[in-house]
Every structure is written in structure tokens, then in C-alpha cells.
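In the two assemblies presented below, chain A is common to both, partnered first by chain B and then by chain C.
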Partner chain A sequence: MTALSLRGIRKSFGAVEVIKGIDLDIDSGEFVVFVGPSGCGKSTLLRIISGLEQATSGDTVFDEEVVNDHTPFERGVAMVFQSYALYPHMTVAENLGFPLKLAKADPQEIAAKVKAAADILQLGPLLDRKPDQLSGGQKQRVAMGRTIVRSPRIFLFDEPLSNLDADLRIEMRLEIEKLHKRLDATMIYVTHDQVEAMTLADRIVVLRDGSVEQMGPPLDLYENPVNTFVASFLGSPRINFLNVELLDSDASSCKLLLADGSHVTAPFSAGTASVGEKMKLGVRPEDLSASGGDFSIPFRMEIHERLGPTSYLYGRSGADSIVAEYRERGAVTPATLTTLGVNSAHAHLFDANGLSVRNRQERVS
Partner chain B sequence: MRGQKRFAWLMAAPSILAMVALGIVPLVWMVWTAFQSFSPNPRIPPRFSGLDNLGNLVGDPQFVGSLKITILVLIAALILQLVLGFILALALYSIKRARGLVVSLILIPTAIAPIVAGIVWWMLFNTRFGAINSVLFQWFGIDPVNWTIEMPTAYIAIVVAVVWQWTPFVAVILLGGLTTIPRDTLDAARIDGATAWQRLRYIVLPLMRPFFLVVGLLMIIEIVRLYELPFYITQGGPGNQTVVAGVFLFKLAFSFFDLGRASMMSVFLVIALSMIAALYMRLVADHKNKGASG
Partner chain C sequence: MRRASSTMRRLRRHVANSWAWAVVGAFLVFALFPVYWIVLIAFRPRDDIFQYPAALMPTNLSLDNIRFIWFGTETSEPIIGFLGNSMLISVISSLIALSLGVACAYALGRFRIGGGFLPMWILSQRFLPPIALVVPLYLMYRQFGLLDTYFGLVILYATFTIPIVVWLMMGYVESSPPELEEAAYIDGAGYWTAFTRIALPVLKPGLSVAAVFTFIFIWNEYVLAFQLAGDDVATITVYLPRLRSAVAELYGEIAAASLLSVIPAIVFAGVMQRFLVRGLAFGGLK
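Coming up: the complex of A and B.
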């Protein structure tokens, strides 16, 4: 188990700076997930941690030791790739044992460690097969097994589940979670899938354009996003943004002008925002309801999507498109539903720059 | 249905006819000729002579000599082509910009007609006014070497020319192979602790095996039927010591007009080539697990 620190990491490819100064401390045994859209630098950051890529400046520190010049092997990292990156000409057993063979380990020791890893991941019956005789999920298991045999200091996962179908993805996600519990190892996981991030992470690091937007435990980020980017990245379906104008604000409430001209009074402060400012009101689909709520917004329903226990209502509020979760069983028509109630305790107000107005009233518990 | 079938045959007929006329008829005729005895007098018709042609060939020291020198050229040239070709391929692989342009330039030797290459190398190796002797003399003070008229330099000259002509082609095929190896696989090996040499030995070379197989087979075929380069560079000399199989075959057919023996030698070469190819495939393809367990 190893703690990791990144200090002022920057990385440029030619004139393009892809990592723009990242500072990050990861505790020993922590499961940290890097999320962000394609091109945000999350994979590059992982490759810098692994030692496959050199940072242009800044330090990578493993347990107080600067490892900038260490090879991936010297750092003692193991990595699972999106493409699995198994050696196609070797059997499963040889794939698992390859790092040990390179380290000139005793064949008996290799066999024992390969067997132990195979047992953990139920790879026993597959040991003599070649990768092209394995299914996607099995390949993924082998790739994970190859990381285990090394007993690495840090496990790195680069979008490991992206090539799997939905069922397997859930299964392997649980597998990775079990592995983390079992090994109690430091793991860093890169994904663009917010569900994986929410379910796996002790802590999520949201990246955009090579900078950290926000980091913290999944629910913290979900409940208190610092800006519209983080708010819209986490949660599915995505958070709704209503374009509003601030009419009035005091310490405990604010008056907002909705796009359709109606006013609402929300029970939280707009902080330092000035009257007349164009703002965005962020409300998650589950905080909208057909009845109740602290205030209502107009709603013109377009589609009712039934998923079983819950269903989603798609429509518009003024010019803003809206998704609302609908938990009741009965049918709903545009005629019967013309407003949605907002649970304001979980609503977020963002200023013109997309930054959260943090001085909200304390959440009513 | 019948009409459709007939139409299909009709459409295929031209290519079938061309194949039969240009491929199968000459082949059958060659095999037939191989068992006939031809008189130098064209007015006397050939007569069936059984295996006489083969017996004559095997008893002919020139025939045996031509096979020997062909095998010597084959071994040296094939090894050099594969080794140098692979090194060249690795070098090309590390070029990031304008690789296509470099590859096109490098392929020029292969694109040149062998007969032109033969004449060029003959001039380069010329004892009195060849560029090679001139460079050796001016830079290293080495006295003129009788490259093409002495052994083993004549042999070396042929090997050099063959390697020069075909190594770029080998390199390009192997470069194609290198580009099929995923970066992730090589990265995984780095993480597993493989040094550059170990990555080459355990990952790259095993994955390149099919490419070595294909390009090696092509080169074997190319060298066994080698004709223009030695014909122009050494004219078979000194004596008959560099009369490779292709040159000897040409002599049999068009200098001695012994069509029977020439055909028999062709049949022999086809069979020998198949056997060499089979042997090579065993050598390269049968070691499937060597890279991993060896």
C-alpha cells in the first residue's frame, strides 16, 4: 500500500499543454477515480503516474519518494488497459506469469503465484487458453490477474470496462470493488462513465481541459458541485438547468425570474450575485415532482419514458429542456401536468460564469 | 437455373482460357518436355527418353555446382535480408514524420528492373573504373580488388546486389507487421518490467512471426529463380563458379538448346523450391510457443 502525491504536474505535447498543473494527494488504500470528458487529460495523468509518460514539470511522489525518473517497473505500478493488452501469443498462465518471469523468479514460485491469482479471479479452467479463445469478460479478468501477481504498490485502471457490454460491465465493476476490498490496495481508476465513478470511488477527481475541477467523495460532488460542469457530469439523467434572472436576494431567500416571465421565491440566498444577473438554476430530475415541492415551475410535457419502477418525463420549461423523474404509477398527459414542483433543498444556483453560489441555506435534514 | 449457370461459365471463360493457355498448357508441356530428348538439329523430332535428362543433369558437375552456389547465395542473402530488413523496419518505425515519403524512397532499389540493377552493380564492382574500388583506394588505400572475376569476391558481389535490391522490400513488409502491434501491448510489457531488449525478444519478434514467414518465402522464391543480377555482374565467372541455377537453366535452354534438360531442371527446381519452402515454414511457424516459454 502506497500513498501518492502529485505536485504541480504539467504535461505538454509540443505546443499543446494537456495537463495544466495538477496537485493531488492520494492516501494509501484509497480508491480514486479520475473522470472527465474525452481529451480532459485523465489518461495522460494516469500514464504519468505509471511512468509510461514523463511529466514536463512537477513531481510524482510515492510514499515521500520522488519517482520522476523511475521506470514503471521500478515504481511498482500495475495497470489494466482498456484494450486489455494481453500478449496474444502467450497462454493465460504465461500472460499472468510474464512479469515474474522477467523478474527471473523461480518457476515454482511463478506457478504458485499464477495459481493464487487465478483462484481469486476464477481463471483456473482458462489457464491453458490463448487470449483469442477468451470472451471480453475473461480477457478483462486475465488483465486484472496480471496486475495481482505482481503485488504492486499502486493499481492503475485505464477505462477498463469500456469495451464490455452492459451486464458484464456491472459484473466486472463489482469484481474490481471486491478486489479493492480484498487487497486493500491503492487504486486509481480512469473512466468517462459517471456511474462507474460514483459506485467505485472513495474519492472522485473531476478533470476538464487538464485541470482539476473538483475532487471529493462521490456524494459530496453530487450534492455540492462547484460549477455547472461538475453538476452536469455527475448524475444520470443529467441535471436540468433553468435560465433565470435574479430579482432580489437576502440572507435566506432569493426571488428569481423564470424564462416564461413567472417569479419564484427560492428558500436560499443568492450569495454575492447582484440583482439582474443572469443565472442558472440547477435541479436534478429526482428533485422535480409532479406534486409538492417548495415552488413550481411551468412544464410542457413531450414524452413519458417508462422504465418500470420509475419513469422519466421529458419536456420543456420555457426554452429550457427538462427531465423529471416520475415515481407515480398512473399515466400522465400534457393536459394533466402543467407544472413541476422543485425540491429546493437540493437545487443549485449557478452564477453567470457557471460557478455555484455556495451560500445556500443549510439543508433541512 | 441452367441458363444462369451457362452465363456464369461464359463470363468466367476468358480468364479460365487465359489461365489454361498461359499457365497450365506451358506447365504440362514443360513436364512433357522434361522426358524428351531433343536433338540439336531442329529437323529431328524429340523422342521419349524417360529419366535420361535427370540422369544427365545429376551427373553434370555444372548442374551440381549451380545448385551449390544458389544455396550459398540463398543462405547468406536470406539471413542478411531478414536481419537488415528488420533493423531497417525498426528504424522506419521510429520515424514519426514523412514516413510514407521515406518508405517510397527506400523502395527504389526494389522497383528498379533487376537487369538495370545488374548492369549498375557490374559497373560499381568493375576492377578498373568501378566506384567501389575507387572508394576503397582513396579512403582506405586498399589496392584494386578483382571483385567479379575472383572467388569469393564474385559470390560476395552477387549477395551484396541481391541484398541491396530486396532488403527495402523486406523492411517495408516487416514495418507493416510492426505497425500491427498495439501500443498498449508494448506498454503493458514495460509495466511488467520488460527492458527494450526483452520487449523485442518476448513480444515483438513472436508477434512478427507471420510477417517473417511471408516475406521469407517470397525471398526464397526470388533468390532461387535469380537470374539477371549474377548474369550481368559476374557472367557466371570466375569459370562457372557463380553460375546460379537460373543462369544455368538459361544456358541449357538458350545456349545449348537442350530443351529436355532445361525442362527437367525446371521441374526439379519447382520441387526443390517447394521442399525448401516447406522446411522454412516448419522452422518459422512450428515454434509457436517458443517466444513465451523459451
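Coming up: the complex of A and C.
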């Protein structure tokens, strides 16, 4: 069932349009992550959904009901802010109980619900403290606790983990995942951390400049990015782009001219791209290997970064900088490594405008 | 006096330089000597006050001056009535100015009501020196029967201090994060509840600063109090100079009255400062 629909949402601040027509349906129980670079309108979109901000045009629909004029409370949303926004003059228990108190619930019910939420998030020993006596992770937990006491229709998270250190981030990420499973709730989560997006999302919505670039399940976006922007946004280390020129193409293969003058034949079609077109070949670090592959590209190694079982090789192929994943344990001598093999099944060819040829093909057909 | 001592404390922390000490010492003597002198002669018997050359150190202790001021005489009423008037007027006007001023500052700072123009216009109300308004105010007050009434002074002082409160509090409103109230809206609060239950408690440190400002401004105000009231409703600032003109040379008595008249202001500022420190401890939002 559709929990939330956005229909043609636009938003301008003065003369500047920051959300440029967004359509989106979110199923109930779905975990949707908005990602995109800073300033692309993620928070604004989330605030429009919450009702804290009014869209300039378009409809926000909750459970088949247009809620454009409803207050955040009437919409039944709960939100975790990047700054946590805990009420500094109230104890943790009062913070958690505040929405219930406003709803004039009786004190016993408030106490019971606060306790239940505190149990889920292990806040029991902190209930009498004030926010300034809590660590970052504890504040984060309290902010989440405040959302669950009310059993909202939709949970909204605006970069909730960005103020935490790396370890705590991972811990809280798992915590949020557990919460989602446990409550079976509809959640919308804003982040610019692609790892959070990949791990948490049922569906990722990639935003750029107030428009949706692509949406879909994390692995779909990872495997089939529609353009270089999406391709480089997901995955760490980033996808490599090799500048190539199309020499020849048929239904099942294409011939590419690499920057160093060598020719390679890749086992996929270049679609509607025309011969002579300047293109970019996108290859993720894990699809490059020291030996094997469907074809090889020249490589000059500069740095070998060992992280344990996997390590990364940094270097250049012609003028393009390249990162390759390396899974063997022994050290690599730069002298012995002059080429990298490409696993072409997962390589992507992008045209001069950055559009994936697969995608272009689909659009044309 | 407060300023001087806090400057000294700060300097001790940062500068261990004897020159700085000499300058600060000289400044302190300069600033505190009149206060010392007031205390000295307030407790000095009449004969010793007119001694020449004057003794710089305490001489004989006498409570005559304090007694004169406290109990009054046939020609002079006891000070307590004037202190009471000042207290009543200062507290009520401050409360009005603070409650209207903070609401106004919140509207201006949070919702940008009136754009950039309205805040400046409000502050401009204070560009004119009060004395410039005395004549029109006098005529208006006479017309409306507000001369020499508590009500007249209260609305006057509230009006005069609101711009200060608005400006001071606007800074606090703008620097406090709007997410707190947004979180409250999401929790089911309306504008009013978010303002009173969330924003106001967060603004407390600012409010106590504003309270000190307005209270002391009103407590010390003389020109308007003298022109628009002064008979039935006389404040402490109107009372003090009267001592001088009624009978000549009541120096010891004036000193005693001055001493008693600053005590409430000091107590008030002290209480507010305690609030202020506690308020700042709240401040750690993140």
C-alpha cells in the first residue's frame, strides 16, 4: 500500500527554485533514502513531507489523503534532526514524554510508553539526565526514542548520524535498521553518506539540483547507474572513468580506443552511440584485477594501500587516475604490474553527456 | 563597581604584567573611591563630616544618618515609601516590557515579521533623549489625568524599555536553533505552546540580562519621574535630591540614602546573575 505520494512537488525560496518537480510513491513499511550532494534539496524535500515547509506547488498525499494544509502533527510524522533538537531544559524522560503530554495522555500511560521506548533504546539509566549530560550517541538515541513513543505514520531522519564518530555511526546505523525491522515502519532517511544509503535503503532516491536523477533498490543503482553522476555517487572507492573513443559497435560488442592508443574489444553494445564519439568507460575498483579479465588496460601503479585482506592500488592509466581493488595478500611490485584486467560484465559505457548507453538504448527503444 | 571588579578578574587571568596592575589599580581607586566615600560618611557622625582636612579612614561610627533616613523627620518622609514606589514601578514596568518585548523579539527574529525595517524602527524609538519628550508627554499626561500616578509611570517606563528588550532578545532568538520549536510542532505543539514551553525556557539567560537592564534603567531614571510624577508618586531618584534642597548640607543623610537606594539594585542584579549562570549551563544543545 502506498503510504506517501509526492506529486509534482516544487519549491522556491524567493526567485530560486530548489525543488524542481518531484514525483515519488513510497510504500508503507518501505525504507527510502534520499542521497545527493550538499545543497541538492534533500532537507527541503524532507521538510515538505513533514509539513514544516510548504511546497510552492504540487501535492503531498498520505494514505490517499492530500495533506498539503495539514500541520506536521496532523500528518502524524516524527522526525529526527541532524542537531537532535532535544529540549535542553527537560530531562530525557520529559523529552520522550513531551508529545504524549501535549496530547494530554494520562501520566501512567506516559510513564509506561516512555519506559517501553527507553527499553528498546537502552535509555533506562539516563531517564533523569538533562541533554547536556549525555554523549553524542546517547542524544541520538533519545532523539530516536522521542519518535517512537508516538507510533507515527512516517519516520523522517535528516542526517541523523552525521555528528557521530565513525564507530558510533556504524552502531547507530544497525540500531536504526533494527528499529525499522521491529516497528515495520515507513521511514525516509536523508544522508550524503553513500554507505548509509546502500546499507539501510530498500530504495535509494538520488537527487541532484532539486530533481531525481534515479531511484531504485541500492544494488540496481549500483549495477545500472543511468549516468556518471549516479555511478560516481554510489560505491567507495569511487568508480573509475577511462576516456575512450568508440571505434566500432555492433549488437553484442564494441571496439574502443584507449587514451594510450591501444584498442580493446568489449563484449557489450555501445547502443546508439556513433563511431568516433568520445565516451567514458566506467569500471568499479572491484571489477579491475591484476590478472585475468576480459580485456586489459595499461596501468602505472603509484601507491599500494593495504587494509588487510583487501587492498587498493592507486595509479594511472594514461591520463586517467585509477583505483583497483586487490585481494591477494602478497605485496605488489609496481614493476611487475603494467596492466589491469577488466571484468567487462560490470563495466559501463557513458556517452559524451554522461548518460549510460544502456539507459540511452532503453530510452530510444 | 561590578564592571570594574569583573574587568580585574579577567585581567588577572590573562595578564601577569605589573604595569597592567598599576593601571588597573589606579582605575579601581578612581572608580571605587566615591563609593567608598559614600559608605564612609553614611556612618560618620555629623561633626566628623565637616572636619577639615577630611579623614580618609573611618572615624567614629554613627547610625544617626541611617536612622534619620529610615525613620524620617518632620520635614522629610521615611525612605521606605520611596523605595517601595521605585520597587513597585520598576518591577511592574520591567515585567510588562519583558513579556511584550520577548514576544515581539520572537516574532521578529523567528518569523521575520516586518522584514529588516521593523526592528530598526523599533530601536529608533530610543534615539531621542527622554528629555526631548518631556513637554509633549507632560501635556498628554495632564490631559489624560496620568500625572503623578503609578499607572502613568508604569506605561511610560514599559514603553521606554521595550525597544531595548526587543533588540537584546532578538539576538538571542536568532542564535537559538529553530529546530527546537520545529521538533515541538512535530510533537503536537502549536505556536503558542512551542513559544512558552520550549522557546522561552531556552531564552532564559537572555531574559535575565534584559531584566537587569530594564530594572536598573527604570530604578535610576530621574528626568521623567521628576517631571511627570513626584508628589503623590515619588521614586527614590526624586527623593534623593530633595534632601539637598530641603535643608542645606545633609551630606551624611544623603550618603545614607544613596547607600540604601543602591542595595535593591545590587540584590536584584545578583539574583539575576545566578539565573544567568544556570541558564548558560542549559545552553549546550549539541
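One rule holds for everything that comes next: the second predicted complex is superposed on the first by the 356 of 365 C-alpha atoms of A that agree within 3 Å, B and C clash if a C-alpha of one lies under 4 Å from a C-alpha of the other, contacts with A are read in each partner's own complex, and residues count from 1 in each chain.
Following the convention adopted for this analysis, contacts are C-beta pairs under 8 Å (C-beta built on N, C-alpha and C of every residue); 3 or more make two chains touch, one makes a residue touch a chain.
What you see is a predicted model, and the numbers here were worked out from it, not measured in a lab.
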item: Clash or fit, chain B versus chain C on superposed chain A; value: clash
item: First (chain B), second (chain C), both or neither touched by A:131; value: second
item: Touching partner for A:94 - first (chain B), second (chain C), both, neither; value: first
item: Contacts of A:163 with chain B and chain C, given as first, second, both or neither; value: second
item: Chain B versus chain C as contact partner of A:52, first or second or both or neither; value: both
item: Touched partner set for A:78, first chain B, second chain C, both or neither; value: both
item: First, second, both or neither for A:262, with chain B first and chain C second; value: neither
item: Chain B/chain C common contact set on chain A; value: 50, 52, 71-73, 77-79, 81, 83-89, 98-99, 102-103, 146, 150
item: Partner chain C, residues of chain A touching it in the complex; value: 50, 52, 71-73, 77-79, 81, 83-89, 98-99, 102-103, 130-132, 136, 139, 146, 150, 163
item: In the complex with chain B, residue positions of chain A that touch it; value: 50, 52, 71-73, 77-79, 81-91, 94, 98-99, 102-103, 146, 150
item: Parts of chain B lying in touch with chain A, wherever the complex brings them together; value: 182, 184-185, 187-194, 198, 202-203, 206-207, 209, 288-289, 291-293
item: Residues of chain C defined as touching chain A within the complex; value: 177, 179-180, 182-189, 193, 198, 201-202, 204, 281-286
